[in-house]
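Below, chain A partners chain B and then partners chain C, in two separate complexes.
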Partner chain A sequence: MVTTPEARTRADALAAASAASADATPARSTARRDGHPAPSSPSRLNGRPRGARKTGERDRPLWMLAPGGILMVIVILVPLVLGLVISLMDLDQYTLRQWVSAPFIGISNYVEALTKSSLIQSIGISVGYSVLVTLVCLPIGVAAALATQNRFRGRGLVRSLFLVPYVLPTFVVGTVWRTMLQPDGVGNAMLANFGIDGGLWLNGPQSYWALVFVQIWASWPFIYLLVLSGLQSVDAEVHEASALDGAGWWTKLRYVILPYLKGPITLALIISFLHSVNNFTLPFVLFGIPAPADVNVLPVLTYITGFQNFRFGLSAAMAVVSLILIAIPLFIYLRAVKLDTGEDGGSRVRK
Partner chain B sequence: MGPVSASSTIAPLGVKPHRASAKEGARQAQIHRLLPKPLLIVILTALLVFAMVPVLYIFFASINSDLAVARGAFWPTELTFENYSKIWTTVDLGTGLVNSVLVAGGVALVCAALSVSTAYVLVRYAFRGRLLVLRGLLALQSIPGTLLLLPVFVLFSTAASTLGVQIIGTRWGLFLTYLTFALPFSTWVMVTYLRGLPRELEEAARLDGASPFKILTRIIVPLSWPGIVVSGIFAFLLGWNDVLFASVMTRPESRTVAVALQIFGATQEGGAVPVYGQMMAAALVCAVPVVVLYLIFQRYLVGGLTAGGVK
Partner chain C sequence: MMKRKLVLTTALLAAGALTLAGCSSEAAPGDSAKPLDGAGKTLNVLTDANTLYPEEQQKWFADVSEQFKAKTGAQVKFETFATANDELTKIQTSVVSGQGPDIYSLGTTFTPTAYATGAFVKLSEDDWKKVGGRDRFTEASLGISGPDKDNEVGIPARSRPFVMAYNTEMLAAAGIDKPADTWDGLLEQAKKLTHDDVYGLSIAYGDNFDPWKFIWAMSTQAGNPIIDGKKVRLDDPVTIKAYETYFGWLTKDKVVNPASIGWKASQALASFADGKAAFMPMVTATSINTLDASAVAGKYAYAVMPTIPPGDTTRPAGGKEAASILSGSNFVVADYSKNKDLSFALIEMLTTAEAQKVYYETFGEMPTNADAAAALEKDNEKLAPIVAASKLSVGTPFSGAWGDVQLGMTNVVVQAIPSLNSGSVTTDQIVSALKTEQEKAQSALDRAK
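The block that comes next holds the complex of A and B.
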């Protein structure tokens, strides 16, 4: 169906008229006449929300954007630029007070970060552990979603309980696991029941696996949630059809259901990866400062360099590098989310 | 909804065009089943154990003696609620809780108000750069906090020396920071919510000559309570859960409960007998408000979580 802008405007007006009371009709026509001159070209309407066409430029309440906008500019955008500037300065605790006049040293901080600090190592740890966590969370989350998609007694309770690890504040998760993973803690006591000597989890090489495990424990429910909402969009006809075809459960899952979940799973993987890479609280609370070398993830390294060693310029350079690191998955994420759903409002994340 | 929802697994039975018999229902369940029953039971059991054992441990350890917890006991040897009375003097949890409630609660209220008005304009009005703002909302959520921590700190310190306003070390500094960081996601939640609202009521009010602000307060806000609650809760959680900014921008008297617990935990080892029992009690106290909020508003929150995927 071809709809010209004019025709669509008329349809809107009709819809509005049917909703409005009868005595408001004359007011409507005047409002429309002086409020909104006929669009000069159809292309002007592209990308506009539906409601926008009927309102004039004059009474758009753009001032309502101001409070939030000003805050975001001052507390996010300005600091973002400031961070870039600081990364080019030799800023430490002595020059912090007069940071504007701190010596400008070009890319020296970046050179130092890449050659003399443990930045490269930290990037390796961060990316490695995030990928690992995400890949392990995926089958767990999918299995949980498949298992709770069907009705059974107590399903509501199970669904609620599944989300508890994800809902607990990260600093609580860190504190609890820190206690459990003490050398004499309950973790090693349980392992001892199976004849395993747990050893040290919060120090040395095993700390890496402790971080991976706790992060998996706390973040799989997110993938479960996204996959579950994906499963619910599978039409009933699909189930009927595969039942008629006599497909076994694995065949059905592999060739019928999983293709439906490609979108939600991709999105879940990206967001889960970003969560892990950006997670400062868990390693910080779990291991404390200074962190063991094996779990010196990027956010912790940046934090220590800045607020323990007071090398602010170097720390800013590391932070900028970490922004570049997450830019790629972030870009994919932004492409995956449909920004302007226009007519079919309500639906959210699409792929 | 019509016939589409009739056989959907989430629709209540009563919606079906003709009431399904028990036999028909069983057949439906059979068709929709994705996993064979034994596998289903194995998965559910394994995941429940995996998810809940540590959660149960928090509770068990919190009613256990410090010594027993330090020795690695899972089941409480003696039932005592002493830990819950002792924590208030062992660590300054009270001040932390007050600060967290004030900061996170204030952030939630203001953020909800700002996000509904911002989202309203973004959804219903056209202006240059609208898509850029929408994209920006998503992008801003993913900026790592460690990138902004230092510049925000420098900015607030500079404001203190040039304007004579002390921000660092006060609750206001945290309030401003959390409010701003919560805005992109809360606004995005409201954007997705408002898109689903019918326009007819607004149109009618507009034709009656109501101003945009009046439409917002009289029509949009009453219609979008679930969305507003969700965006408020997410803002609350951001303030309640943050450790990064609170660890740098607070003094002992403005410390949030997150930092209080973190410091409590970090100072346990190496001393005399670590008070792990009390620590688990404190951890539980910190978790309760969040879990209660989640249980009450679960239905709305789950939708919000999938909308933008930010904790």
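The block that comes next holds the complex of A and C.
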């Protein structure tokens, strides 16, 4: 149960990675065809399924969507609707047994969530730390991807090593870091070597930074992965052309390479943000419950309210609020998937 | 339909026979006249995974299953949960779906919440007879079976009272003949025993469960049951005093290792086992295993924790002699179970003096069966304090809101850790933290039905 949202985020990430590279592939082939670094955008757009969709619009066998559609309804829509319904009910340990007939109390749960619980603080903590993590992960991920872009001895090994934090289950990451961040743990012992008194990492104000740090440690490889896939789409000829034009490394990076990466990076940022907002396992394992006030993130608060205090209605209302919160970047994400990386890159280069 | 009726009638008759057999003498396993026909049926039992003795637990499951099959023909399938959270989730799922295990072995403090769901069998006099009679169990162990005698759901399964371990060598060297029975006295002894890198007390401030038990015990001893009818009394002066005492050990009296602000119970025990602390309050009999294999093997003993609240030399009027929370497990039978009689028969089998003795010998958990407890107290000097603590255990308030209160009490400690680290938790801080928790807990109690 604990790992499900996690797994979902990872599946999202994979889908996005493949979407990003799918976006990139046609770009490369077009570029090659007309020998222009930047694919001529209109022709490319027409060559994409968007055109094909138009022609076959009339007699597509839509029924073939049924298995997937039914699955979507069962896995996503039904629980979502149930969640909405529960958020309007007074569902707790006393009514749990006949939950269908639990009293309907309208928006009281929402009012209580927004006025009497620490939901607002939790949203602040969640959003703040997620933005921070994402922003710090970005340069690290890009730098790591650029560093392993060119072939060198042992590149395969370095690339695999970079993925280790991402591949480790969050539970393991949390347990290991919890041990290291103990007041008398390895972390503080190391800091003491530099004459720094580490203090308390798993409680108090510093716990926020501990969460940010460990989350960065665990999630930068994801940005690295997406940027790497974006870099694959940059043709060797582009590098050659810019070298011939005498572009320095920064000019080349800023005006040639980065425009290609705009799509993958946007995706990576949004998914990384969602991943952090949704991460329950890490704070749960690192700090336990009740969580210190500084790291009482949204998923933990929702969990405690529902599964510890048995206030399922209130907890569902909190979940709905957090869903809305997540829906905003998700909407941007959906737009972003349609981003045409090649086109953007092209227009920049032509300037 | 006919067949079902027949089975039911046989089951009822058999249950009656079983009760009679139980009264006269212990029915030997594999009795020729099978009292309850459970052929072809399967009983599902949900119980906590024993991480200390995993292999023994598997063997015990197999033994019980075999014995019960010989007795009734029914199969017993055990399912385990690893953590309290896991337990909660399983119960919630089963309550909502109306299917799942027939018997649950629940932590005692969770029994009130389970009772509030109404999803478990309220035991009638008849039901009690089927499990061998209510008087089969020690009186104290029944303290958290239900809100009152007529509304009980929990059948005491095992007792795990909390006691205090102490280093006999250190006490002897300091000329202390026995641990104090007041918290103030214990503190004085702890001060005397603190020197160099050895501390008087080993406390786990970072634990998710230990802290509230101290606060509850001191409050109850001073006459505040925390939940008093329709009122939560978390902001009571004696509770504030309890927190002050608990934090003061570290900040003011300095009888506790400062590293313990991050410790879980197992780390505090490890420190005691290393010979770095004189007293280790809040341990159960399961610590024997760790301690006997440690540096303090043969140099430690158990004692009942102080029962006179901080600041007092005698227990004030209204205070209870609460040596420990009523800790352990209760069996509850699910209301949706189609095998209730078989379930009661299994519980009967597991709570006989003989079965509980076996259980104690395998896992080190105290019997709830009165005869077994008495025998153990007589035979084993080392365990006598544990059995005594079991008798002096007091149930936490029987309310569906107890979970909220318990979480609130722990939360006060969790949020005070940074101040503990910097060396002082002020009374104002405690008062304001308690005020917040008081409001939350009171609103949870107001919802109780």
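Quick note on the criterion: the second predicted complex is superposed on the first by the 261 of 351 C-alpha atoms of A that agree within 3 Å, B and C clash if a C-alpha of one lies under 4 Å from a C-alpha of the other, contacts with A are read in each partner's own complex, and residues count from 1 in each chain.
Just so we're on the same page, a residue touches a chain if its C-beta (ideal position, glycine included) is under 8 Å from a C-beta of that chain, and two chains touch if they have at least 3 such contacts.
Predicted model, so just to flag it, every value in this text is computed and none were measured.
When the two complexes are superposed, the chain touching more residues of chain A, out of chain B and chain C, is B. In the overlay built on the shared chain, the residue A:G204 is in contact with chain C alone; chain B does not reach it.
Residue contacts after overlaying the shared chain place A:G288 against chain B and chain C alike. By the touch criterion defined above, A:D184 reaches both chain B and chain C. By the touch criterion stated above, A:Q308 is placed in contact with chain C alone, chain B being left untouched. Once the two complexes are overlaid on the shared chain, A:R97 sits against chain B and chain C alike.
Contact with neither chain B nor chain C is seen for A:L114 once the two complexes are overlaid on the shared chain.
Of the two partner chains placed around the shared chain by superposition, chain B is the only one that A:E240 touches, whereas chain C remains out of contact. Shared interface residues of chain A (contacting chain B in one complex, chain C in the other): 96-97, 99, 182, 184-185, 288-289, 307. Listed in rising order, the residues of chain C touching chain A in the complex are 85, 88-89, 92, 95-96, 113, 116-119, 206, 208, 258-259, 261-262, 400, 403-404, 407, 410-411, 414-415, 417-418, 421, 443-444, 447-449.
Residues 1, 92-94, 96-97, 99, 116, 182-185, 199-200, 202-205, 288-293, 304, 307-310 of chain A are the ones that touch chain C when the two sit in their complex.
Of all the residues in chain B, the ones that touch chain A in their complex are 6-10, 29-36, 40, 43-44, 47-48, 50-52, 54-55, 57-58, 61, 69-74, 114-115, 117-118, 120-127, 130-131, 133-135, 138-140, 142-152, 154-155, 157-158, 161, 176-177, 179-181, 183-184, 187, 192, 194-197, 199-204, 206-209, 211-213, 216, 237, 240-244, 247-248, 258, 261-262, 264-266, 269, 276, 279-280, 283, 286-287, 290-291, 294-295, 298, 302, 305-311.
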